[in-house]
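Order of writing sets the labels: A, B and C. Residues in every chain begin at 1.
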Amino acid sequence: MLKATIDADMFREAIEAISALIPECRLHTDESGFSTRAVDTANVAMISLTLRKEAFDTYKATKSQLGIDLMKMKNIFGMADKGDLISIEMADNAQKMSVSVHGYHYSITLLDTNTIRKDPNPPTINLPGKIVIKGEDLNNAMKAAAVISDKIALGINPKDQTFYLVAEGDTDHIRREFTKDELVSLTPAEARSLFSLDYLKDMGKVMSKAEQVEIFLGIDHPVRFSFDIAGGNGHVEYLLAPRIEAD
Amino acid sequence: MLKATIDADMFREAIEAISALIPECRLHTDESGFSTRAVDTANVAMISLTLRKEAFDTYKATKSQLGIDLMKMKNIFGMADKGDLISIEMADNAQKMSVSVHGYHYSITLLDTNTIRKDPNPPTINLPGKIVIKGEDLNNAMKAAAVISDKIALGINPKDQTFYLVAEGDTDHIRREFTKDELVSLTPAEARSLFSLDYLKDMGKVMSKAEQVEIFLGIDHPVRFSFDIAGGNGHVEYLLAPRIEAD
Amino acid sequence: MLKATIDADMFREAIEAISALIPECRLHTDESGFSTRAVDTANVAMISLTLRKEAFDTYKATKSQLGIDLMKMKNIFGMADKGDLISIEMADNAQKMSVSVHGYHYSITLLDTNTIRKDPNPPTINLPGKIVIKGEDLNNAMKAAAVISDKIALGINPKDQTFYLVAEGDTDHIRREFTKDELVSLTPAEARSLFSLDYLKDMGKVMSKAEQVEIFLGIDHPVRFSFDIAGGNGHVEYLLAPRIEAD
């Protein structure tokens, strides 16, 4: 059973954070809120998202799993205006979800959760370097690098106490160094790994709205991005596998 | 003979109402103003438009027929700024129309009216249900339905005194009910017919600018939309044939 | 050697004036500033551009030639915000240019100047008619004409003291006359030549930002457009060959 109302913008924020990586997901509901964990088809990126019941205006749910077509959700909620309230309702074991917004009543058929990949186990990785940065600064760096190349190295220079991003194109090169002053905080540790900008551009767009993003880095290890959504009542973690440095 | 000046926005409004259905039209001029009546190539939709001489700043015309390429007109008048005056001039039996706007002088070759379909006869249909609604509300409902399906049922529930729109997609469903409070007025009568959203989306865009749209409905009958343009000095009627309910 | 800083908008303005005609150019630097002269691949249009050292915040350069990929420059500087300062630095005989803007450091490989066409000689042409017009008016006329045709005649009517533009499409015709009152100035002389709108549309977009554009015209001769950029500390001349009037 599920019966909840939520601000259209907050729900859209959560949907967009997930749909940056995957077109459909298995959404877990229980009395504490919504959550999902999924890897993309190429097994390169993972998202963990929670949307706590405090993000909702009203919330009541029993333990369940919903198969969500994220593209369809984006199209439907693209119609909602800022400030609109979305009401979601579902009976036990129902195949359909009732959604009401701004006088419109939708009956949306859910995906069969058996057709959606099993939830991945969260890997235990030790990433010693940590940066806290404004989401907008991070996204701008991704956009600038994407003009030059399709991959980017993220690293920490412990001596200079800087966080750097370097992208090498066929003929050109871009480097951005953030000093401690430009960051919210920096936990220095030798760190440098190479990543695909295809993924980082999509993640960057989502993270650009976050006041602060925590970045965890190691040497030739995955990167973890961690940030709040829904006014602090939701949380997202992106994990992205490194690429091999080819030189 | 034709010699007239009109506000660019008013003329554009009339052109766009016609071009939502057809790419070219036969425009009738006489001393009382402009008028056209045409059906689309698929014989599914009909438009009747009048633009009274009161919509013009100056107007003088004898009885004549002009073959108008509406796409060309849209491209040309897309250049005009809000508040620009358009001057139109044509000699008797001329093949070319002189148009002046904002210092630009156009000579536009008319289409041969013999190549344009004959004016259709206005059908006499009895449509007992009537709704008066804000154009913007109507257009928003069309846009929301188009996310789910390519057809929509419009109906009246006489008991509840509501106007409803229902669209069924392959897996999903949307319903919007307008209570009497949300409408300008409602004349209750049992009514429900199914229509193609391809047409309604284009009509909806035009009608979104109308303060009020009258909708006339029956049971498995065409729908008629009736609304003013050009500040009340012009009028449009759209008639749209129903689709067969396939179930 | 080159070491200079310049407002991002000023540099972008210069890059866009050149890239309207050609994708890459040979940029000359010396102690007085930047300059380039180039013809497009079809040998129909020529640009001469100077950006004087006064356009820069700081400027120091020895005589040199740089092979510039203009599209790449546009992509990179598209990221810069209004008011950002761009720093450019190059060692003697270097193949790479260092560019810094808003914390981003680029290393950009230059093109081999041997692969770029030799600088054309400026032709000596006598064009007796001269018009000075607002850049925006000129651009609007190009856009209006492009709806009707792909070529346009520019001319002066010495008797009426007007500057006119005429475009003939397959069926339609547009004419715009600028009286002396609508122009900054007019030096009357019999003049009329036909030009390709493909080129004029691109040039028009650049010239639309110029307060004043000088136009020099003859009879079936090229047209020369002359205007300032970079707040008067730079200058552009476009020369465009006429088309043959086919009738």
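Simple rule for what comes next: contacts are C-beta pairs under 8 Å (C-beta built on N, C-alpha and C of every residue); 3 or more make two chains touch, one makes a residue touch a chain.
Not measured: the values here are computed from a predicted model.
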item: Contact graph of the chains (line, ring, star, complete, other); value: complete
item: Degree value of the rotation bringing chain A onto chain C, based on Cα positions, nearest 5; value: 120
item: Gap in Å, rounded to a whole number, between the CA centres of chain C and chain B; value: 45
item: Shared-contact residues (touching 2 or more other chains) in chain A; value: none
item: Residue ranges of chain C touching chain B (in the complex, touch as defined); value: 140-141, 143-144, 147-148, 171-178, 182
item: Residues on chain C engaged by chain A in the complex (per definition of touch); value: 72, 75-76, 78-79, 103-109
